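Two complexes, one shared chain (subunit A), two partners (subunit B, subunit C).
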Partner chain A sequence: MSQKKEPPQAQGKVDVTDVVCPMTFVKTKVALDDLDPGQILSIRINDGEPIRNVPQSLKEDGHLVLGLNDNGDGTYELVVKKGQDR
Partner chain B sequence: MAFTNQQLERYSRHILLREFGTKGQKKLLESKVLIIGAGGLGSPAAMYLAAAGVGAIGLADDDRVDLSNLQRQILHATADLGKPKVQSGAETILAINPEVKVNLHPGLVKADNVLSLIEPYDFVLDGTDNFSAKFLINDACVIARKPFSHAGIIRFQGQLLTYLPGQGPCYRCLFLKPPPPEAIPTCRQAGVIGAMAGVIGCLQALETIKCLTGLGKPLTGFLVTFEALGMDFRKIKVPARADCPVCGPRPTILAPEDYDPPACDLKNP
Partner chain C sequence: MTTDYKALKNGGFMRQTQKDLFSLRLKVVGGNLTTAQLKTITEVADLYGKGHVHLTSRQGLEIPYVALKDVETVKQKLAQGGVDTGVCGPRVRTVTACQGSTVCPSGCIDTLAVAENISERYFGRVLPHKFKFGVTGCQNNCLKAEENDLGIKGGYLISWDKEDCTFCGVCAKVCREGAIEVTDDQVILNAAKCNHCGRCVKSCPTDAWKGQSGYLLSFGGLFGNRIAQGVEILGIVSNLDSIFKASDAALDFFDRHGQSGERFRTVIDRAGWDEFKKALSHVA
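Showing the complex of A and B:
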């Protein structure tokens, strides 16, 4: 459907495929702590509940979800830009 | 500091809160709170603050666990009868959260030791049951510029307020001096509904957490009263006294002072 774009260079990476919700988002938040607003985090995340919950929670916290790439192994790469601290 | 995976899981429900997050949790883990009175109010406050991950909790109480305490003082259980309350309280705290550092202060809090007692702490929680202690804690905290939570309960009523340094009113602005010894019945004579201690002690724990993390607006400038039979919460705006003898611009109380021990401290009156 959409043209595949080269994802922006991520300044941070976190793998949350080893935990279940809500620890997926807790780990994501901790990873975002290490970044400055405007920087990019790449999150390796499982299909199912995590992929339904984490992007939504990121938006509610004021971050910008840039993209979701299928890794082809049941996991996804979620790319998010850190919002302003508040 | 970096969180361990266990800490992330233990405190996940805090960290998930947008306003709280990892920042708020770090602040709690680095905070030191002194709870004076390990009784009705101090029990739920100590337990929630321990569960919340407050780094160090000081317990000050010179009493031992008595059967008549157990109706409301949930830090203590039947097996603790006769133990010093600070010891029984520390055991409960560590059972909830072994990460907490517990400091025991088993002596009576008095004018000559209160300032050194509160000095190392970031916040003081008054969970005492008598006027002389409440005025002593108020004066010491105002003089030492220490934020604190005042509360009191009797029968079906409770009240609380929060004092921040330089932001009156303080307890003395509301109640200039302790009432005459027989004017107000003590808890021992008047009775108190046990769950009242839970309601008001938990509100004190919340105020403590808010002040330590900078969340929301502390209960300064207001007195909250709760009347259980009508389920009436009231938030009453209270001004600072311009001539308050301790927090006013020209204080006359420059050091903590002791008052007569309350009737309820007398053994077998």
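Showing the complex of A and C:
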């Protein structure tokens, strides 16, 4: 699970490791609201249910997951490009 | 006048503990009713029942406390409002379904369409004993497919396209079966581990994973006096025709080998699973 390219600079950051589903996605959505389409959000997210569910929810809302990095401490960094407002 | 309870039961009139009162079972497919149907049901329950309905354990709806003398009138009123009566006894029962892909983001198939097709083809068909179909949209299995005599579970036949892949690793992470491995420039699928859940497809940011809807069929489920899990036999099949081939064969097998009052599972157990698999061998 590695990244070939250097990940793009994130304009926003959110930590959702302190909440459980569905609040993980709610918190993510709120963080995305603060960004413009095309900007990048870095999400710190727990292994297990959250990392299994949030990527699909992001896709359904029209955002683009660019990468997934293992932080090595039971959490991941999910890098997302905000999609066009719908 | 002698009351033909059997005839009443065919038409969904369930005898109550109270003499000459019936709980009237209505026909519901896939758990959906229109608001127009609900209005009709409300009227009938107010006029001929006790002003309430009962939601059954299998997405059915019953109007309790209907008097024997009102049976024909009630049937007529319901029919005028587009509501059919259900069935009980040794026949194909209410076909149940979850919301499926038209409503639910997890769904891999249009469960209502499948349920309607099955109901159209088999609802009320007389067999050695009751027979239940259930349709669930995905591996989450909200509709508990394996509880049914014939369960249908939606899934995806998956494929991966290197051109579109960014090797982000999301698919490997969302796969609960551990069937996917992602390296810098390769995605390796262990097909033997894939359970067709389709989570890779639904989560893939760039649609490098593609999915075609398919159906996993399970046979011989029971959740009453005897409890047994339906058994998946055919692997994933990709169209409604294959479902029908399998269900036709299963019901014919039940008819051919079943004794009156014997559930499908018991019949397969007695006649032999190999024999049953032979009966399904033409299904692709």
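Quick notes on this one:
Operating definition for what follows: the second predicted complex is superposed on the first by the 82 of 86 C-alpha atoms of A that agree within 3 Å, B and C clash if a C-alpha of one lies under 4 Å from a C-alpha of the other, contacts with A are read in each partner's own complex, and residues count from 1 in each chain.
Throughout what follows, contacts are C-beta pairs under 8 Å (C-beta built on N, C-alpha and C of every residue); 3 or more make two chains touch, one makes a residue touch a chain.
Nothing here was measured: the structure is a model prediction, and the numbers come from that model.
In the superposition on chain A, contact is made by A:R52 with subunit C only, not with subunit B. Of the two partner chains, neither subunit B nor subunit C is touched by A:K13. When the two structures are aligned on the shared chain, A:V26 is found in touch with subunit B, with no touch to subunit C.
Once the two complexes are overlaid on the shared chain, A:E60 sits against subunit B and subunit C alike. More residues of subunit A are touched by C (comparison of subunit B with subunit C). Taken together, the two complexes place residues 57, 60 of subunit A in contact with subunit B and also with subunit C.
In the complex of the two chains, the subunit C residues touching subunit A come out as 105, 166-170, 172-174, 176, 182-185, 199, 202-206. Those residues of subunit A lying in contact with subunit B across their complex are 22-23, 25-27, 29-30, 33, 57, 60-61, 86.
Of all residues in subunit A, only 1-4, 51-52, 55-60, 64-68, 76 touch subunit C in the complex they form. Taken in their complex, subunit B has these residues touching subunit A: 3, 8-9, 12, 15-16, 18, 21-23.
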